[in-house]
Every structure is written in structure tokens, then in C-alpha cells.
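See below for the structure under consideration.
Chain naming follows the written order as A, B and C, and within any one chain the residues start at number 1.
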Amino acid sequence: MSVRAPGRRVAGRLLHVGVLVFFTGALAFPFFWMLIAAFKQNIDLYTVENNPFKFNLPPTFEHVRFLFTQTRFLRWLGNTALVGGIVVAITLLVAVPAAYSLARLTGRWGERLGIAIFLTYLIPPTLLFIPLSRVVGLLGLQDSIFSLVLVYPSMTIPFSIWLLMGFFKSIPRELEDAAMVDGLTRFGAFLRMVVPISVSGILTVVIFSFTLVTQEFVYALTFISPEANQMIGVGVPIFLVRGDVYYWGSLMAACLVASLPIGILYNLFLDRFIAGFTFGSVK
Amino acid sequence: MAIVETRHLTKVFKQGELGAVNDVSLATEEGEFLVFLGPSGSGKTTLLRMIAGLETPTSGEIRIGGRVVNDLTPRERRIAMVFQSYALYPHLTVYKNIAFPLKAQGIPRAEHRKKVEWAAGLLGIGRLLDRKPRELSGGERQRVALARAIVREPEVFLLDEPLSNLDAKLRASAREELERFHESVRTTTIYVTHDQVEAMAMGDRIVVMNFGEVRQIGTPAEVYDEPADTFVATFLGSPPMNLVERDDLIVGFRPEHFFPVAVLAGRAAVPEHLRAHDREGPYVPIGLRVTHEEYLGSERVVYGALDGGPFDGKKVISRMPSTLVARYEPGTVHAFAVTERHLKLYDRATGKRTAGRPPREVWR
Amino acid sequence: MRPAAAPGDPGQGRFLGVAMFAPAVLYILLLIAVPFGLAVLYAFSDARIGSTSFHLVGLENFRSILQSPSFRKALRNSIVFTLVAQAIVIVCSNILSIALEKPFRGRGFVRFLILLPWVAPVSLGTIGWKWILDSIYSVITWVLVALHLVKPFNTPMWLGEPHLAMASVILVHCWRLIPFSTVIMLAGRSAISKEIPEAAAIDGAGFWRTTFQINLPMMTPILSVAVLFGIIFTFTDMTVVYILTAGGPYDSTQTLPSLAFATGIAGSDLAAGAAISLFLVPVLVLVAYGMLRLAHRAEVV
């Protein structure tokens, strides 16, 4: 730490702590709030005069119970997990070889193609959802979760290819050359040598794809109407409402339950995502 | 131009761990080129950074030009520093890089050009002023870093291994430029390096450090010819000094002082430059059983083990000009010797130089 | 067992290479390029949900939506929300990334907390805000009342009054994006060799000069990445608006994507919806261009 005049140091310290407290508080507050609302009794929740920051009546599990037994919450979780799993598998099957090929086997124009593929990530669902809704209808997948299984990889594959390209490039060529000198074909070297080493990159793609599935809203909203077939991201805001009445307690509980695990997973792989976003210039 | 002084300077990084810098007291002489030499982790860079104001000492005092600077920011210490990577601002042109310190210190814009051109002229980079750092070669970058350092006319220069990022070929010419630069400006300079050849070539005096402590301060001749302990003895010189142990003593002698007896006894044809010097004084005869030899063009290096006597079997190295014609077959035993005054004694427990017994007694 | 390929063997590699990325290219073509083409086609047609008729109608759709006040509002909102949110995000994420730069105890946990808005699903975070901004039960209102800044019977309609609603939408977008931006900036800062700010300190630069004249300019590429992605995420998002305000009150928070949805799916007018969503393209092209420039720079330097 470089030397600073003593007075300056204290002021700097205070400001530093102040900034951190302010931002952490502001950003994390809604989740803290979800936590409180999820366990507050309805009477407490809906009495305007009550101090919302404390439990004026003892906390209750009623909302959580309601969520898990009287709503389709578990079903939505199951749907999301199923779709997530299949989409991850498809993504890996398609993106891993593609990324390897673009990183190793195709030279300059492979590089360009990689960038072009990355750019397709910029084409948003809010542009494609209208034509895709027709396509989905024509294929008879309307209202089925398999409509999402079909469409989601188009969102996960481009960025995954980009992530993996950067990853494969950082593996020294000599490793594959050595494997081929030892008798493997190119593809064999890829399968038996490169893939096992790339476990962390592949894991990143898995987490990225899965979280993307859980976060998606537009396609799920557009393609699926029946409540039972819905995903968690759409089910919770749309169907935890009866008529005009929001079941806030259960809603908040649902949000918390759905957000936290994903949050933890994503956090673990953050650095790799950053590398992907910044064209690998930052690790 | 000022003297840099440290008094009992210590830096501890973690509670309970040994200090990165331990109780270092030293003083530069005005205008000298002082080298901090040591392996990585020896504390030399930490010491430099404390002098610069980039690290706060745990205890001890630093004085520059007579005033205590412990509480002064780097800017207030009137020093300049050249970093290992040169730390040129990549988004600024060479001109703006050199002008930056002037800007930061509030010197009016009108005076910038004159000073920048003076500094650039001193280093011969006048024609590079509009380029960006990434367009420059390694040597040119060093010159820009030096120009930026000198433009404020600081009292002290601090250099942190500026040559280690250059490739070998470039290093020699860059080193020469640094030496010439110092000659022309004569500002007190402290130079950190792990390369003992650099230290010997450039330093007026060398501060040899290890494990945060100063092992010896002296001119290149002093630290090389009369090393104060076994660390200094083996760190300087390549191949390192031969060290053989017995009882509570370690005896050291450099490979280039370890000769066939015939040379020392005047019985062989000895090249001119060896004649007068090394043959002075009594010599101690030492048998050498050769393991292998290396012919390096200008010199010959013979590896072997001592044969007979109290140090039988200990591995040693001999180094001689290849003009001394002789063959050293593996397995053969030859009569070698060392002039007595080239035998240095060290205490085995502390590693420090000791007077002890006369060297030839030790060899009995 | 095929004979081992020579490492530099172009022939076999070329074919294999194409085979390996063909599925990906096919997928992208079929599910992105083709739908994109269809969107353009629909925009010039009279497609509707529930009807199979399909005729090309030229610029008819564009003409009618350009005259629609809802559309004009949506266009304006999209631009305003995006720019305002981005400006706020840049400033906040810079400040926050400076604060997070140096390690301190618990930094990992703080980072986790700060990231929650970004990693939680958009819709769920937004619903959380809907509760916080509820007209009657808002905790913010409660605090303001307790501080006597607001009268209890005249509480702000955070999502019901046009200007407040717009501010709320912008707020939620900022809340989501600040973590993302901050993390990217942090990565950018850590990529600056620490010797540079030290050299600046020795040269005599104080905190502000170092930040504005050295650190920020050096971070321009990373900043640009954060901004470009931020623009995409805000400009093309319909979830926040849909859940928070459904475009209301009176279209005051309608944006291009949410209007496209309301018109195309809820309103069954696929053609008009498609036409509206096409207005996203110019911004996308600009962003893509920006990304290309950055990618090129990243390779060259």
C-alpha cells in the first residue's frame, strides 16, 4: 500500500466502507425482503401501519407450505430441470466439437466464423419470438416443453462456442501433436485428450446453459399456455396470481427458492464467463 | 543529488513470519550507482519499494537528502523510478508519457515542451515523441522510461530490474546505455537485480542480500575477492566458489584460482596474464580426481573430486584458460594447487568469514 | 484403425473441421437466420394468429405503426430507458469496482451478494421489486411516511403514475445491470499491471488524476464491452416491463419489445408485432459493429 498522509487515509477508509455498504445493501435488499415476506403472516403483511422490517406476528411456514402443496411450483421446477438437462446435453454435443473445430482446424476464416457465430448471440428472443411462435405451432409443439427444448439451444450454442473457443485455444498445441505422434487420429486426440482436459471449460458451458434456461422468459411465455407445462421463470410471476390477487407471501418464497441455488452456481463460474464476454482479453 | 539512508528498516508481511526485510541499515554515497543484489525473495525489491514510498515499513527510518521521508508520499520524496516492465502509459504518446510527471506536479503547460525535449534529447529519442509505447522496441521503451524519470530532475533514481524483460542480445546494449546514462547525469541511483554479472559490471558498490538481510556491502572487488560469508561467496562468480567442509570450518576457493601445480610452480608454459599474479605466495597442493571436463572455447572447466587429504571425495570445479594445454581424462588424478591467500575460511555454523587457523594447517 | 494423421495435415483436418462445426452452423441457420428472415417477411404481410392466410401487403404495417402513438412512445421509451440506465450503471459500477478492487475479509461473500440481482432469473427479481413498489404496501413508502416525507393518504403510486413508473423500470434495469458491469470492470482493472498506478504515484499523480487520466482510459475496451452488452440487455428486454407495469399506465412504460409482444401475441397481430420488433435491428447492428471493432482490437494488441 503506498504511503498516504494519515488524515487522508482515514477519510478514504470511511468512504470505501460507505460505498460498499450502500451498494451491497441496495443490491441485495430485494432478496432480504423476499426472505421476510415469505415468512410473514398475511395479516402482518397486509397491515399498512405495521413496521415491515420486523415480525409483528410470529413468522409462519404457511406460504411455503402453500407454495409446495397447493400450486404447481414443484411441477415447474421439474419442467425447468428437465428442459435444462436436455438443452445442456444438446448444447454440449453441438458446441464442443464446433468450438474445437473453429479453434484448431480452420485457421483464419474459422476465426471469423467464430466471431460471426458470437454475433448471433446478439439477436434477441424479442425479435425472433414472433416467427418462432408460428414455426412451433406448425411443428405441433405448441404448449409443449419440447418447443423450448428445440429453441433454447439457439441461445446457448453461440455463446458456448465462443467460450469454448477461447478455452481450447489456451491448450498448447503440443499436447495434441504428441497424442497424434503416439498414434491417435485428429478426432481421437480431440476425444481422448482435449475433452478430458477441458472439463472446467465444459462445466462452465453446462452452468451457463442451465442458468440461461432458468432465466428465460419470452419464449416460455409465448410458446406455452397451460399452467402445468410452464417453466419456473414464467410460472411464478404469472400463475401465482388468482384473478387479480397476488399471493405475495408464496410469491416471495418461490422467488427465493428459485433464485438462490442458481445464484450460487453462477457465482462459482463467474470468472470464466467474464473471460468469454471480454474476448478473452481478461482472465 | 542526495544520499539515501535507511536505519534499522524492517518490513514484516504476516504476523509471526520472518521479515521480508530485516533491520537493514545502509547509506548511499552521493552520485553513486548502488546495486541491491540477491536471489528472488531476498527482500531487495521490497527494500527499494519502501525507499520509493510504495510500501510502508513496519519499523525503521528512511532518509533522503537528510530529511526523514517515512510519512511522505512518493511524489514528495523527489525520486524517480523505472519499473521492470517500464510501466509506460499505453494510451499516451511518448511525448505525453514524458510530460505526465510535469503535468501531475502542476508545472505550467508552456514549460512542458522544453523539458520534454531536453529529456528526450538526452536519451536520443527525439524522433519517437509521437509514437505510442506499443510501437516501440524494448530498448526504446527503456529510454522512454528513463526520459520520464529524469524529466523532473529527481534527487534519486530507483531502478527495479529494468533489464530482465529484455532478451539476451538486447540486454548487453541496454546495459551499456544505462551505464552511459549514469555517467552523464551522475544522480544517486539504486539498482535492483538478481543477475550478479550485471551487478559487478554496473555497480560502484553492491549490497548483497538474502532472506531480508544485508550480507555484505562493498565494491565489486571487495565482494568478489573477500566475500563476507558463504552465501556471498557462492552467489557471486560462475561457476561458484568451491566450498569444502571439515569439522567446524568451511574452506572456500574459486575455480579460477584452482590450478595444476605445474602452473603455480612455474614448471609449465604459463600465459602472460597469469604469470605474476597468481603465483605469489606459498601454495597448498591438492590432488584432483577428474570426473569430466568441458571445453568452452575460451576456457576449460574441469569437474572432479578432491583426492586424498582431509577433504577426500568432495566435489570441486576448476576453471582455466584453454590456452593451457593439457588433457584431463576422466578417472585420472592430477596434482593441483591453490595459492594460500586464495583460501578463505568460513565458520561452518554461521557461514561467516573467520580468521581461524592458517589455511594450510586446515589442509593437513 | 486409420493411419495416424500428421500434425500439420491440412487435408484430413479440413474435412473433419467442417464436419465438426456443421451441426452448430445448421442449428444457428435454422433457428436464428431463418426466423429472422421470417420476421422480415411477416412484417410485410398480414399474418395473424389463428389464421392461415398470408398475403404480402408492402409497407402497410410500417405505415400504421409509425402513426400509432403507442409505437412512438415505445420507441422513445426504449431509447430513453436504455441510455439513462446505462449512464447510471457506468457511474455506479465504476465506483463499486474501485471499492471492490483491493482484497478484504469477506470480499467473496460481498461479491456473492452484489451479484444476486444479475444471476437471479429476471422475472423473479422483477416480481420482488413489484412487491417493494406496491402502491399500498411498499416498504419504501413506509420508510418515507415514517420519516414524515410523505403523507400516509397520499402515497406515491410507484407503478401507477407515469413518471414514477418510468423511473421504476429504469431502476430495476440498473439494479440488474450494475452487478454485471461491476464484475466486468473489476476484471478489467485487474488486468492493468499494478506497476502503472505505481508509476503514476511516483510521477506525482493523486487518486483522482490517476483514476481519470490513467486507469479509465486504459479500461476503455473493457468499459466498451460492458456498455455494449448493457445496451443489448436493456434495449431488447421485455420481461421487466411486462411484469412490472405491463406497459402501463397508458403506455407510458411501453418499450419496443413489450409492445411487440402485446401486439403480436396478446393482440394476435403477428405482422404488426414483427414490424415493431424489426425496429430493434438498427441498434443491434450498431452494437455488433462496436463488438467487431473491439474483437479486432483484442487480437491486434
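Methods note: a residue touches a chain if its C-beta (ideal position, glycine included) is under 8 Å from a C-beta of that chain, and two chains touch if they have at least 3 such contacts.
This structure is a prediction, so every number in the text was calculated from the model and none was measured.
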What chain is the most remote from subunit C, judged by the mean position of CA atoms in each chain? B
More contacting C-beta pairs: A-C or B-C? The answer is A-C
On a C-alpha centroid basis, what's the spacing between subunit B and subunit C, in Å? 56
Averaging only over C-alpha atoms, locate the centres of subunit A and subunit C and give their separation in whole Å. 15
Give the residues of subunit C that touch two or more other chains, as numbers and ranges in rising order. 198, 201
Among subunit A residues, those touching two or more other chains are 2
Do you know which subunit B residues sit against two or more other chains? 53-54, 73-74
How about subunit C: which of its residues touch subunit A in the complex? 2, 4-7, 9, 12-14, 16-21, 23-25, 27-28, 31-33, 35-36, 38-39, 41-42, 47, 49, 92, 95-96, 99-100, 110-117, 119-132, 136-137, 139, 142, 152, 175, 178-179, 183-184, 187-188, 190-191, 198, 201, 207, 221-222, 225, 229, 232, 236-239, 242-243, 256-257, 260-261, 264-265, 270, 273-274, 277-278, 280-281, 284, 287-288, 291-292, 294-295, 298
Okay, in this complex, where on subunit A does subunit C touch? 2, 12, 16, 19-20, 23-24, 26-31, 33-34, 37, 45-46, 48, 51-53, 93-95, 97-98, 100-102, 104-106, 110, 113, 115, 117-120, 122-135, 150-151, 153-154, 157-158, 161, 176-177, 180-187, 211, 214-215, 217-218, 221-222, 232-234, 236-237, 246, 248, 251-252, 254-255, 258-259, 262-264, 266-267, 270-271, 274-275, 277-283
Contact footprint of subunit C on subunit B as seen in their complex: 52-54, 73-75, 79-81, 83-85, 87, 89-91, 100-101, 104-105, 134, 148, 152
Subunit B touches which residues of subunit C in the complex? 193, 195-196, 198-206, 209, 214, 217-218, 220, 301
